[in-house]
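One structure follows; several queries about it will come next.
Should a chain be cited, it is by its letter among A, B, C, D, E and F, assigned in written order, with residues numbered from 1 in that chain.
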Amino acid sequence: MTDSLADFNAFRGRMNDIILNAGNLTISRFFALDHRCYEPGALGTKTKEMLGLVSSLVLRCDDCITYHIIRCHEEGVTDEELTEALNIGLLVGGSITIPYLRRAYKAWEELKERK
Amino acid sequence: MTDSLADFNAFRGRMNDIILNAGNLTISRFFALDHRCYEPGALGTKTKEMLGLVSSLVLRCDDCITYHIIRCHEEGVTDEELTEALNIGLLVGGSITIPYLRRAYKAWEELKERK
Amino acid sequence: MTDSLADFNAFRGRMNDIILNAGNLTISRFFALDHRCYEPGALGTKTKEMLGLVSSLVLRCDDCITYHIIRCHEEGVTDEELTEALNIGLLVGGSITIPYLRRAYKAWEELKERK
Amino acid sequence: MTDSLADFNAFRGRMNDIILNAGNLTISRFFALDHRCYEPGALGTKTKEMLGLVSSLVLRCDDCITYHIIRCHEEGVTDEELTEALNIGLLVGGSITIPYLRRAYKAWEELKERK
Amino acid sequence: MTDSLADFNAFRGRMNDIILNAGNLTISRFFALDHRCYEPGALGTKTKEMLGLVSSLVLRCDDCITYHIIRCHEEGVTDEELTEALNIGLLVGGSITIPYLRRAYKAWEELKERK
Amino acid sequence: MTDSLADFNAFRGRMNDIILNAGNLTISRFFALDHRCYEPGALGTKTKEMLGLVSSLVLRCDDCITYHIIRCHEEGVTDEELTEALNIGLLVGGSITIPYLRRAYKAWEELKERK
């Protein structure tokens, strides 16, 4: 994995540990629920990750987008599927999402080069 | 269709006509693009409508949620699929989305009673 | 309680039942966590309800504001405390919050008249 | 003025009085600043009201949009100017703004019928 | 142009090429519309760029703000006009916009030093 | 204070000077009001700073969060109080706030190491 995504994952892991070790049961349970809702059910994980990705795009959170871009890549989302999903986010959320779209494609490019 | 959804559709249709008749080419083209991005491609329309629905939930727009709830119903989304999709929106967007979730389920109930 | 707040509570209760009866475990647990995080701990419930109120004001959700206004009233928040808390929301969130502030004060007035 | 806009103005005036009479100096001063920033300076009031309108559209607040639509009408904004300004808000803010755009045009129609 | 703005433009150009080369017609057309809506019409480009700037400030997107700051500079917006426009964004959007306002002024300073 | 927080404060101070020296009376007064609303009144400054912190978390502004984290530390907020306050922001604002929560805890760790 390229450095920028590795750094992202390292910081994410380290701080999640600190937050979960703060000993607040509600926060720990929230993190568990947040993990659980992407598990396969009536909808597959691939569809759910695209739902998470597009939600993150319209709410414009770079780290959330990067996380779901990595997960979409792991779940085998194709270039065309990714573009169509992000396109819905762009139309719903407008041109204010374009800088986030650029960084989403940058992360996607890094993941593809690594393969 | 129950009265509240019929009223929604009537107002939506009437005002869209006024907006499109305002003669601004960029607005008309935006409306056309917004329609086009939900057409089937690498992703099916059913998946795309769920992407539109969850984006609308996290951005908390009642009319957009109602529109996509109607479209999801037309595309054959099941109760379980709807609930799993909305659940992702709830986790991503937090408890601030709960009032919108209530109204989403109310529209869904109306659509099912009508069938 | 005045009619508008009674209607609010009735719709809230009825739809919460429908959502919780949809049988999705993650949604039910989210609702439970959302309830739990306002229980007294290192911070008292009164402070926590004001935190929920101001968060709801800056995110501009009328139903969430109404809910926390009712809870603040039950917890004995005074007029002065309410105004200082809402003032922080107004400064943080800007003039776009003013219509929500008006409706917050309307609900507060209704609660005080009822007493 | 049509009933819906008259109702809007009546509620706005009544609640503003209650808020300003709550005796909090910071809130009163914020309301004064909010009024002051639309007064003519290097930019004219007409341009400033369009800035307020488009900000309100992308933040999706119906009451703020209605207020600035009324003010734009008073300042002599033309149909074409209004449409071009709202179009920028639509492109920046995306399709999630469309329901707000519909209600903006409805208020504009009411103002024009009244003239 | 100073390094930080040159870097901004280089990354923007490179990623836009990747996005437009992804071959999705709706995305390309959206980018074209987004460009088109700032062209002169009933409102001049200078006014339109200020509308884009203030929208970007209240939605708090640094890259969008930087882009419109550069465009406002090119269109001859004066210091006083810029400050009055940004002030409206500050009042509408509240103190949460202040960090973005700081970075807007930093970009503006860089553009003026370069002249 | 660690370097990252010192850099934050230095940039904040330098740009605030530039903004306040731009000579716009409304902006200066807004900054004064924004300072004033955290002064002790019916609510103490410690409670007010937690209100500012949670508002900043749900609106997802890193710099605002950092500022209020520093102020909460100065006002003697304990680890448990901080965690309970942030937990409310997490529940209200959803998983989209998690990256901001991580950076909030990082700043808190830096402040505690420095003590």
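Convention: contacts are C-beta pairs under 8 Å (C-beta built on N, C-alpha and C of every residue); 3 or more make two chains touch, one makes a residue touch a chain.
Computed from a predicted model, the values in this text were never measured in an experiment.
The set of chains in contact with subunit A as well as subunit B comprises C, D, E, F.
Counted as hops between touching chains, the shortest connection from subunit B to subunit E is 1. Matching CA atoms, the turn from subunit B to subunit C amounts to 120°, rounded to the nearest 5. Interface repeat of A-B: among C-F, B-E or E-F, over half of the contact pairs recur, by residue number, only in C-F. A count of contacting C-beta pairs for C-E and for A-E identifies A-E as the more extensively joined pair.
When each chain is reduced to the average of its Cα atoms, E sits farthest from subunit C. One simple way to say how far apart two chains are is to compare their mean CA positions; for subunit B and subunit D this gives 26 Å. Put simply, the C-alpha centre of subunit B and that of subunit F have 37 angstrom between them.
Subunit D and subunit E, compared by their mean Cα positions, are separated by 23 Å. Multi-chain contact residues, meaning those touching two or more other chains, occur in subunit A at positions 26, 30, 33-34, 37, 55-56, 58-59, 64, 83-84, 87, 90-93, 95-96. Arrangement of the chains shown, judged by which pairs touch: all-to-all, with no pair of chains left without contact. Remark: subunit A residues 11-12, 15-16, 18-19, 22-24, 26-27, 30-31, 34, 55-56, 59, 61-64 touch subunit F in the complex.
Contact residues of subunit E toward subunit C in the complex are 58, 90-97. Only residues 33-34, 37-38, 41-43, 47-48, 50-52, 54-56, 58-59, 64, 78, 80-81, 83-85, 87-89, 91-93 of subunit D touch subunit E when the two sit together in their complex. Contact residues on subunit A toward subunit E in their complex (touch as defined above): 60, 79, 83-84, 86-87, 90-91, 95-96, 98-99, 101-103, 105-106, 109.
Only residues 26, 29-30, 33, 36-37 of subunit B touch subunit E when the two sit together in their complex.
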